[in-house]
Amino acid sequence: MRIDPSVQLGKQVDIGYNVIIEEDVIIGDYVSIGEHSIIRKGTLIGNHVQIGEFVLLGKSPSSNNKMARKPTVQLPPLEIEAEAKIGTHVTLYRGSVIGKHSFIADYVSVREQVTIGEHTIIGRHVMVEPNTKIGAKTTIQTGSYITADTLIEDHVFIGPCCSMSNDKYMASGKGIHTGPIIKTGTKIGNHATLLPNIEIGPNSTIGAGAVVTKHIPAHTTYVGNPAKPLK
Amino acid sequence: MRIDPSVQLGKQVDIGYNVIIEEDVIIGDYVSIGEHSIIRKGTLIGNHVQIGEFVLLGKSPSSNNKMARKPTVQLPPLEIEAEAKIGTHVTLYRGSVIGKHSFIADYVSVREQVTIGEHTIIGRHVMVEPNTKIGAKTTIQTGSYITADTLIEDHVFIGPCCSMSNDKYMASGKGIHTGPIIKTGTKIGNHATLLPNIEIGPNSTIGAGAVVTKHIPAHTTYVGNPAKPLK
Amino acid sequence: MRIDPSVQLGKQVDIGYNVIIEEDVIIGDYVSIGEHSIIRKGTLIGNHVQIGEFVLLGKSPSSNNKMARKPTVQLPPLEIEAEAKIGTHVTLYRGSVIGKHSFIADYVSVREQVTIGEHTIIGRHVMVEPNTKIGAKTTIQTGSYITADTLIEDHVFIGPCCSMSNDKYMASGKGIHTGPIIKTGTKIGNHATLLPNIEIGPNSTIGAGAVVTKHIPAHTTYVGNPAKPLK
């Protein structure tokens, strides 16, 4: 174990074997941290948060010269609100906020400047890109990919293994990067594909395996490739 | 290293640096365990099993209030049968059985109450949900997602990055959750999508990228979205 | 920390807590290695390389009896060229070469006998199978799957969550295994599916969610399932 003397620990914090906690981390009461996990400097962890094994919290983004999106110079620390549960082998970047009572499953990877709402479930192996907002009481199932610059509202259901993108011109340097907007109450079936810059719903349904190429009106059901209204 | 005194170790067990083994674990002869791996209490490991690095064995399921599937109060320990090989960064939950001579590749995540048959290969990054049975001499290739309540029989081939689902109404609380039934000898192409509650095969073939929306008869080939018989 | 006495360390190498470095590893100047990472014997690491946490470098392939592809008896060590950046929870196998200034993101898994070109970006959770060549200044986005025996040239863009395969007969033992050939400047949209033994491009565009079943001519755009020329 290697815990910096500046770390503030609440009551009854359970810290596993070989955990590393860097300077100025603040940990609430009744928190548990699994073995071998690493908490980077300044991370804020609320009461009753549970953290799994082999977890990396508060990673700073890196980049190479070819990347469009350069890391912001100064990101605030990662914040994990009370009662959240974090699985094993998870990586959460600096500059994001994980909401109260949320559930972040094993192998989830959340980049910087992401907000995850209260009571939301992020399934195993889900990948969330930067600058994205996911609402409250939303479920994103196992293996789905949430692109950068996406807005997902409350009470949304995204099935397993969905994909989306935010760059119509695929790294040509043309156009603006904009992920989809997924409105309240919308449900998206497993393995669906969403194109950039479309709005879906509210309360619409997208069938499994559909390829959504344009805006989807509220309260409708679309299926197929390209997605068309269900007859 | 932190090994509980109650652990039963067979002959010539090779335990890596920083491994953690909890109480009442039973390990057979000639087992190897990679560095930093964690074996939770009661896990049973057969002879000649090879376990990689950063592995978590015998994890107990967690949940939050919004989840339909609450963890079973009492799960039996994880059991890994003789000659199985487990890759790196793997997580296997309590209450599952990993068959003899099976191969569980890197980053695989298998939830509770799953049975994996003998000589079966589970590719890298494959995610298996709870209460699922995978037969013998079956291959599930890299990146595929196996939903909960699924039955996969023997000699099945599932290509890379396939997806399936078990809830027609997508978390609306209606209907019964039932994953697909994939019969003996069936082959499923890469990136196929399976809807809930369908039966495929035996000995049928599903094309790459197909979206399977209904039962598929034995000895047939289906392709497209939605999948139709190959002309 | 456990560093073999035979390891050659350059100037100002920053080695994290609990890192393991095996015999005959050669590490250049100004390299950093994150906590808990493991570097297997003989691995070569160039100057200014940055390596994340929970990383496994130089893994030797394993197999079971049922696998078509047996590990090569003697693989050269893994080589990571100067200025490359390796994320967290990454696994790179022995016998591969990671090019200068490349960026290998979190959770990436690269098998043996793979070459990754200079200034190339491999996104998070990308899985690369053996015997594959990826060119220079190419981007493979998050969650994509690169099958074995694939050739990807320079300046290619592969969107997130794409899939491909290399075995038309799906493990029947018939035919030759050949992944796709993706020519210079080609762009592939998110969640596209590629069948075995096809050539795409150069400078062609594949739409998001397309299923590519045959050769795609240069400078064309194909969309749909099966993919057809865009009208």
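Note that the chains take the letters A, B and C in the order they are written out, and that residue 1 is the start of every chain.
Simple rule for what comes next: contacts are C-beta pairs under 8 Å (C-beta built on N, C-alpha and C of every residue); 3 or more make two chains touch, one makes a residue touch a chain.
Since the model is a prediction, treat every value here as computed from it, not as a measurement.
Viewed as a network of touching protein chains, the structure reduces to a complete graph with every chain in contact with every other. Fitting chain A to chain C on C-alpha positions gives a rotation angle of 120 degrees, to the nearest 5. With each centre defined as the average position of its C-alpha atoms, the distance from chain B to chain C rounds to 24 Å.
Under the contact definition stated at the top, the residues of chain B that touch 2 or more other chains are 18, 36, 54, 89, 107, 125, 143, 161, 191, 225. Residues 17-18, 35-36, 50, 53-54, 85, 87-89, 101-103, 106-107, 119, 121, 124-125, 137, 139, 142-143, 157, 159-161, 187-191, 205, 208-209, 223-225 of chain B are the ones that touch chain C when the two sit in their complex. Residues 2, 18, 20, 36, 38, 54, 56, 59, 62-67, 89, 91, 107, 109, 125, 127, 129, 143, 145, 147, 161, 163-165, 170-172, 191, 193, 195, 211, 213, 225-226 of chain C are the ones touching chain B in the complex.
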